[in-house]
Structures are given as structure tokens and as C-alpha cells.
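To start, the structure under review is shown below, and the notes come after it.
So that you can tell them apart, the chains are marked A, B, C and D in the order they are listed, and the count of residues begins at 1 in each.
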Amino acid sequence: MTRDTPARSTFILTLDCPNRPGIVAGISTRLFELGANIADAQQYDDTGQDRFFMRVVFDIAAADGLAGRLEAEIGALAAQFAMRWTLSDTARPARVLLLVSKFDHCLVDLLYRWRIGELAIAPVGIVSNHPRTLHADVDFHGIPFHHLPVTPQTRAAQEEEIWQLVQSTGTELVVLARYMQILSDGLARKLAGRCINIHHSFLPGFKGARPYHQAFERGVKLIGATAHYVTGDLDEGPIIEQDVERISHADTPEDLIRKGRDIERRVLARAVRIHVERRALPNGRKTVVFGH
Amino acid sequence: MTRDTPARSTFILTLDCPNRPGIVAGISTRLFELGANIADAQQYDDTGQDRFFMRVVFDIAAADGLAGRLEAEIGALAAQFAMRWTLSDTARPARVLLLVSKFDHCLVDLLYRWRIGELAIAPVGIVSNHPRTLHADVDFHGIPFHHLPVTPQTRAAQEEEIWQLVQSTGTELVVLARYMQILSDGLARKLAGRCINIHHSFLPGFKGARPYHQAFERGVKLIGATAHYVTGDLDEGPIIEQDVERISHADTPEDLIRKGRDIERRVLARAVRIHVERRALPNGRKTVVFGH
Amino acid sequence: MTRDTPARSTFILTLDCPNRPGIVAGISTRLFELGANIADAQQYDDTGQDRFFMRVVFDIAAADGLAGRLEAEIGALAAQFAMRWTLSDTARPARVLLLVSKFDHCLVDLLYRWRIGELAIAPVGIVSNHPRTLHADVDFHGIPFHHLPVTPQTRAAQEEEIWQLVQSTGTELVVLARYMQILSDGLARKLAGRCINIHHSFLPGFKGARPYHQAFERGVKLIGATAHYVTGDLDEGPIIEQDVERISHADTPEDLIRKGRDIERRVLARAVRIHVERRALPNGRKTVVFGH
Amino acid sequence: MTRDTPARSTFILTLDCPNRPGIVAGISTRLFELGANIADAQQYDDTGQDRFFMRVVFDIAAADGLAGRLEAEIGALAAQFAMRWTLSDTARPARVLLLVSKFDHCLVDLLYRWRIGELAIAPVGIVSNHPRTLHADVDFHGIPFHHLPVTPQTRAAQEEEIWQLVQSTGTELVVLARYMQILSDGLARKLAGRCINIHHSFLPGFKGARPYHQAFERGVKLIGATAHYVTGDLDEGPIIEQDVERISHADTPEDLIRKGRDIERRVLARAVRIHVERRALPNGRKTVVFGH
């Protein structure tokens, strides 16, 4: 989608602002004046909220201090239109902290995609509330591991340790890769828009424990998974990606759990890709997800 | 799946009973002794409930009074194993009463499938709480139409009229083809296992009015529909079939409603087919659906 | 997606041209100067072909002679960038000629979607190589019907009649709704980019007659359908839309044909929608399809 | 699906034979006499070939020499009906030899599913035409590795080594997990019905090299993968499982390859599961796949 010549850099600009005439003209003219070439652009006009969303991929001659200069230029334009915006250099993979509990299917899947270069992430740490021995069979490829056990009594302290890790590692994205602890409102708020969770989903939905068993009892014909940004409201943050698979009466709860693993890992991997490619823009309780 | 020679009839036997050794041997031996050839058979052992479910398709030399003789034979065997059972002659289409309100996409779809011979149903009547003129554009192909308006005050009387129609027409299956009235517990109970409803489904689910608008507000990425047997508990009866379609942030509530129509009509048509082919066996709060 | 106020008109502009800097800036600035508000815009940079594609939806104050003035303005800009372009007023439905042979499932489906206002088309005629009586059960709702029988000997003359119809009715889109005649290279060329066909598709593909029977013999587990623009090369024109459904060994060829009907009608309806919403832009042997 | 009590064993019986009355009665009566309880049974009557297929899961009191006694009993019955049949003890995982070339996504996926106990296989060896160092990052968990390089000149000798490995390890299933060498007719015949391959699939299909690039050039909207039994006819053996994913014009050939990896690994894993659960019965050029 972008021109790969040695002397050019590729950036992704995302923005949203109150809708008014001239935004696209303003952005594209400024990028043109800066010598940038727009490789891809998508926009969405939320007419109900009267809010405008845009994602632009552009390449530009590489130079020392380029990112800083672009930030200054775009910042000036952004002020004019009251924009929220982000600018990412595609050459720099997102720094990701992975949290996991007992089940490792999502973790192993993300590590594989990272290892073969499929996912532009740089894992800066793996955190678990269980000791390293639980995942003794999984090669962490040198990624630092942090055993942070947690009890109701120690939750606040443990979350403070996670938050310190986020800061000390320069983490840009926290992925709850089947991390079975509920984040406090406080931590969820600090990580707003940069913490992704994965959970099972059903039609109809179920509250409470052992959802796959409930789905079995109810005789649903489809099971699914949802990846979403974490907010204080558990399992209810803005949705990034969902998928389902067909099941039958002959599937036992164990079969549902097995099929659920496949859905969970692919939905989470897609959501992480969507995030690091800056395709997901927060829009109140939901997201704008620019596809391709 | 079955041998079609002029002199043979094809029947579908469904049964369920407490599980114990010898059921399959008992059934298949008796059918063999009767000169029947098993064309298809599927079974399911619900180990949690210790209950056994079976669907057998067999053909047998056609003869006068055959159905009655088979019923007597199978009845004797059924008593021995404490079976619930049904026997259907595939040459006889199911007598179906169609109920509709304002939206006719499901009705039109079912009528088309019936007209081209795709669905083995014999529509015996169309009931609407709106007058015939509302669907003036739809050709009912001579199927009797009954305008049965309803208000909270007249609900009991209107439902009595529906029930009289069911009896006078020999209706075997009632299809709520987007019939937007909630059946009373009483009528739902009388029609238990032979009344199918279709409704939208989402992950997560939504309660209350205007569900497609709620789905839009919530930013879900999939919308779906569920066909189920009607019980006193609205939208919560045993599920027969479900399907979903992918949507995006750019879909308006109107787009969701449009896409929903496509899902609703194909899920309902599949559910009706499953029912008339005797593939759906009630199993408490859920169904056993034998696929193919 | 667009603002619906009485005094504004909504247009769709599509364009493609050799890629070079400044296209988006040029377009968006000109539209801004014209007082237009961009409601939706998508673009694609085919780096292999170095060609740029764009679709812009904009609204603008309604006025007499507006379309002509916009065409003049955009034409001037287009010349500058060597663009191919189209401009459509969304208030004006596309004039569509429907061709059908024996099977009417696609025709009936398109007519239904048109009748309930779901598809922005204006059917100007229905053509069949079979007499009206073959589809006696289908209500054409006053759309003129033309019986144009064809034999190898009369093909040229019959196609000339079709072409005359296209011209006399101002047809903008020809839909081959299971029209089982192969168009000549000559007619296909005249209708380039405005004639859509639907056909079954399989993995792997099959050549020759009775494809569903071949698929059955080969034991495929998925069947599908493809909608594409018609070119001289039968079934090989630029693809607009595809879909599949899962089947099993127990499906007879008749089951495959039945399931195929469902896939064909929904894929064709989606392709017609994509076309009339100007989402499909020809790109050599393929299409750019801007989704939503 | 089966009763797991310490003192009982569970077996899967598959069989196919010319269709004639009394097969089900014969099987089920004999199993009843042997004290077996049928937990699941499915059958299929291929009326075109007049051939009957059946899969029966039964449990029975565990005992020394049980398997041998069952084989003798069933063998006697089988002779009477001219059956081809297999009997598998579900407690014994299938011995699997995995062949891989450069791409390891299928291998890694299968090893993961084996490691967490999801797939009832016992890997007896990993063979590659590349050295162990190519997959240095992949933990083989002690499974013996065999580097068997191959050139056109050494193919016969290399295949003989593979065949020796199959025999010496008691391999029951060979999985070509993206093994990019074509097996000779001779080896394919020796492994008939116990060697599974995975390859990409498209609508329409493409012959020749770089298929994902061809799919990109052709502008297909779906890409897929097919798992099949290997025969002398490359990529044309009986199909076990297929799946597809939606793509768009904006997907580069690299995107297609990436998405293809996901489809390939899940289709191959499902096919291996189908095989080891004895759900796939060969039926000439195709398979009967009993689902659940």
C-alpha cells in the first residue's frame, strides 16, 4: 500500500474533530505542501455526533528530525480544527506488554505472529499472575517475564507494579491475552484506548461463570469472541473485532472451549493488528474501524 | 438420500427415550423385519441427561393402510422403551399457518420457496393483524387470508380465533414470519414444538426497543438472527438455527435493518426446512438438530 | 452517511488517474470552494500500476442546473489530472434492464428489493428468451416485458434488439439475472462496465456442463457464486462480489442447486448495490470495490 | 459424547459395503450382544453408488485382549456383508509423521494443539528437506527430527527413506504440513488414505506458480484452503475440509499470503482431527465426512 524506497518514510496520521467543511482540503493540501504523497486515506462522518474521523497513510522523504517537524506542522493544523490526533512512524513497531493467566493459546499465537514478522509489535514484557513454570513449555524468546501474583488484598499493589512496568518499558499497548483478572477502574482509565481484552461472546449473551457451559445448556448454534478496549465497565468497552463459529448439539462444553480457543486467538490477533495499524479510532462507546 | 421408486413410500421416524442398551438394535431389527430399508439414520446420546435421540429415514413398499400399520408396530416398540416419537410420510407436506405483521420479507421468501417446490410445506392460511391492503403487492396465490386485528383488550379473543384456525385447518406448524405480537403463555403452550419465531440477535444481546439502533450505538461488528420454537418465555425458546453477518461502523441503523432482513429470511427458511424434515427434536430448553 | 436536508443534493464522484502528488488536495479543495461538504471518501493507490482510485460522496446546496455546473467544474479538474470519472446524483435511481431465462430466483429477489425501496434502481424492462407465460406466477409490477427468443441463427438479430432496447430505454445497467445465453464479444464490449452476470463458483473450479453435479462428484465442501462485469471472456470478467456456503457429502446435486440459488441471489443483489452506489471501479482485469 | 468410566473402553468402528437391507440391524444387534453401548452412530447411503457408509462409537467393559476379540467378532460380520472396516481404540492416539519444508505455521499449530492435549495424536517424527537450523526457533519437544534433503536426482532414494521411517515408527498418518515436494505416484499409493496435504484454493482456481499473486492479479474477493488425502494426482485427492476468508482489492499479495496462513493452519488442523476421529471415509474420488 505504500512505496518502499530506501529514502522515504511512511507515517500514519489519525484524527477526529467536529465536522465542518474544509477538513480534507486542509489536511491534504498541507501534506502536499510538505512533499508527502498520500498512499491511503479513509474517512468517516458520524452524522449523528457531527464528528469527523480520518486515517491517512503518507510517505515522505526521510530526513533527520522528520517526525518532530511533522508533529509541529500537524499540531498547528490540528489546533485550527480542534482535532484529536496521532502520528505513527510505520518503521517503529508498537511496544507491547502481554498479560496472561493460565491459558496460553492467545499468548503463543501472538508470539508466533511476532516471531515470523507478521505483526509489527515489539513485546517489552510478559506479565502473569502465575509463575513462569506454568508456561514452562512456551519459549518466551528472551522477552522479560514478570510474575505478579494477585489476591483481593494485594490487587492495588499488583496493579501499581503493572503500571510501573508500563511506564518503565515505554509500553504503548497492553494486551490482555486471556488475563483472567479484572482491572480496577483506576488502571482501566489510565490505559484507556491502549489496552485490549478478548472474551467469548454468544447469541444470546450470558452473565456469570462458565459461559461455555451456559451456551451448551442453552443450545446455541453459534459461539464467538469479541476483542475490545478495556474500560471500567467489564467486557463492555468499545468493540474492535468479533467473529463466530458454527456449533451443534453434539458439541460438548469441552468442544465449545476448544473451538472458542481458535476464535479467541484469531480475533485478538486481528484486533492487535487493527490497533497497531492505527485502524481503530475511539468514538465514545464504540470505535471507528477502517478496514482494508 | 432416499430411493424414489414408484412403489415405495418414504417415512421419517424421530424418537427420544431414556438411554439404555439395545435401542438401535431394537429399532433397526424391527424395521428390517417390516421390510423397510434405512436410507439415513442419525442419533445423539445426551450423556448429561442420559437421554437418547434418533432420526431414521426409511423406505418401504407402498401399500394401503401402511401408515396406520407402521404406527401400530412402532407404537408397540415405543412403549417398550418409553419413547416419545413421531412418524411422517415424506409425500405429505406439512400444513403451515403463516402469521405476519407489517414487514413481509420473511413471508414473501417462504411463499417463493413454496411456489418453486423447494420447501415441502402446504400453506393453509395467512394471518395478519393488519388488513390485506397492507400487503396488496404480494400475491398470496390463493392461500386464504385472515385479518385478525388485535389490541390489548382483544388479545384473548384474537388468540382464540388463531387457535380455531389452527384446528379447523389441521395446521401442523405455525410460522411467525415477523409477526410482531407476543403470544400469550396459553397459546404458546398449546403450540409447543410446532410454532417457530424469528428474531434478530446480537453479541452482546440487547433488551428493549429498537435493537438495531442499540446495536449501532454499541458499535457491534456482527449482527445476526435466531429462529426458535416459541415458548411462554419471549425470544427464549429452544434455538433451531442462527446466522450472522459482518457489519462496520459505516453502517447506519437503516443498513443494519436491511442486512438484518437478509439474515432473518434465510435463517427462518432454514428453520422451517429443519422442522418439516423432522431434523429438530426438542430436548428441554434446547433442541437436537440433526444436520446433513 | 449523507445529510438529508431538503435543500441539499448528494452526489457520488468516482475517478481514477495516474498517481501523482496533489490529487486529493486538488479534489477536496475544489469541492470546498464549490461549497460542497465531503460526507465520505475512500481512495486506493494501486502501486503496481501506479494508478490512483477515489470515490467521494458529497452534499451541496440544491440548485437549478447544478449537475451541469458540477460536471463542468470537475471536467476541468479531471483534464488536468488525466482522470476517468463519473458523477451520479443519488436522488436519481439507476435505469436497469433485467435479462432472465428459465430460473427466476434472482429476478424475483431483485424485484422484491426494488419494490420495498431497498435498492436504488428503476427497472426499465425485463427481457427473456422465454415467453411471459414461463414466469406467469411472477408479478412484474408493470415493468415492460420483452420476449426475445434466440437460436444460434438469430443471435445477431436478437442481440441487436437488446441493444436497441438499451438505447431506447436509457438503460444504465444490464443485469443478467440467470440469463443463460452467452453474449457475443460485440455486445459485451458495448456494455463494458455496465453489465453484471452471476454464476456459480467452486474450489476447485469446473469447466463444462452441470457444474453442481461435477461439484457433487468431486466432493467439495464449499459452493459459491461470483458476480462480475461481463466481458468477451465468458465468466472471466472483473469480479465484483463472491460468497460461499458450506455443504456436506449428504447434499445431493439437487441440494447443491437449492443452496446455490440462495448464494446466487444474495451475491447478485450485493453486486447490483455495489454498482449503483458507485463502489466498483474497473481496474484492468479486476475491480476496486470500496466497501463500507 | 462417550461415557468415561474407569472400567470401560471406547472404540470407533467405521465401515462401508454394498447397500442391502439389514446392515444396521446386523451391526447394532451384534454390538448389543457383545455388551457394547452405542454412544454415537452416523450413516450415509450413497444411492448413486449403492454403497453404505457407517461410523459407530461404542463403549464396552474394558478387558484384556478386548481389541483382538472385537476384531474377530466384527471381522466375521464384515465378511458376511463384504465390508471394508476399521476399528480404533480412542485411548490410543494416532501415530503421526509430520513433513515440513520452509514455512512452519502449520507445523507449529499442530504441535501446539498436540501439546495442550487438544488433538489426539502422537507425533513420532518430523521430516524436513531443510536442515534443523531453519526451524531453530521452534521447540520440537523431543520429537525426533529427520533431515532428508531432496533433489530431482535423489527423489527416489529420499522417498524410500520416508517410507522406511513410516514403517519403523509405525506411522498411521502422514501430514504434509506445507511440505513443498510432490510425492511420487508410488509413495502416494503406499500412503493412500493416510496422508493429508493442505493447499490454497481460490474461486476460480489457478494453475501454476505463485497462486496468491495470481489471485491478486485476478481480483478475487475470497481466498481459501483445502485439505485432502494425497493421491498420485497432485492437489486433486479426496477433499476432507475447506474454508475461505474474505479479502479486498487493498490486500497485497503479501496480505493474501498472511491471511492464507491462518486459513491453511485451521483447515489442516480440522482435517487431522477429522481423520484421527475416524470421521472421514474414502468414497472413490471423494470422502464421506461425518460431522458433529
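Annotations
Simple rule for what comes next: contacts are C-beta pairs under 8 Å (C-beta built on N, C-alpha and C of every residue); 3 or more make two chains touch, one makes a residue touch a chain.
Being a predicted model, the structure only gives us computed values, none of them experimental.
Between B-D and the choices A-C, C-D or A-B, the pair with more than half the same contact pairs by residue number is A-C. Seen from the C-alpha centroid of chain C, the farthest chain centroid is that of D. In this structure, the chain pairs A-C and B-C differ in their number of contacting C-beta pairs, and the larger number is found at A-C. Between chain A and chain B, the centres computed from C-alpha atoms are 42 Å apart. Chain B and chain C have CA centres that are 36 Å apart. Shared interface positions of chain C, defined as residues touching 2 or more other chains, are 1, 40, 44, 248, 250, 291.
Here chain B touches chain D in the complex through residues 1-3, 21-25, 28-29, 31-32, 35-45, 47, 246, 291, going by the rule given at the top. In the complex of the two chains, the chain D residues touching chain A come out as 1, 40, 105, 108, 112, 115-116, 118, 137, 139, 141, 248, 250-252, 255, 258, 261-262, 266, 291-292. Contact residues on chain C toward chain D in their complex (touch as defined above): 44, 201-205, 217-222, 224, 226, 235-236, 238-244, 248-250, 283, 285-289, 291.
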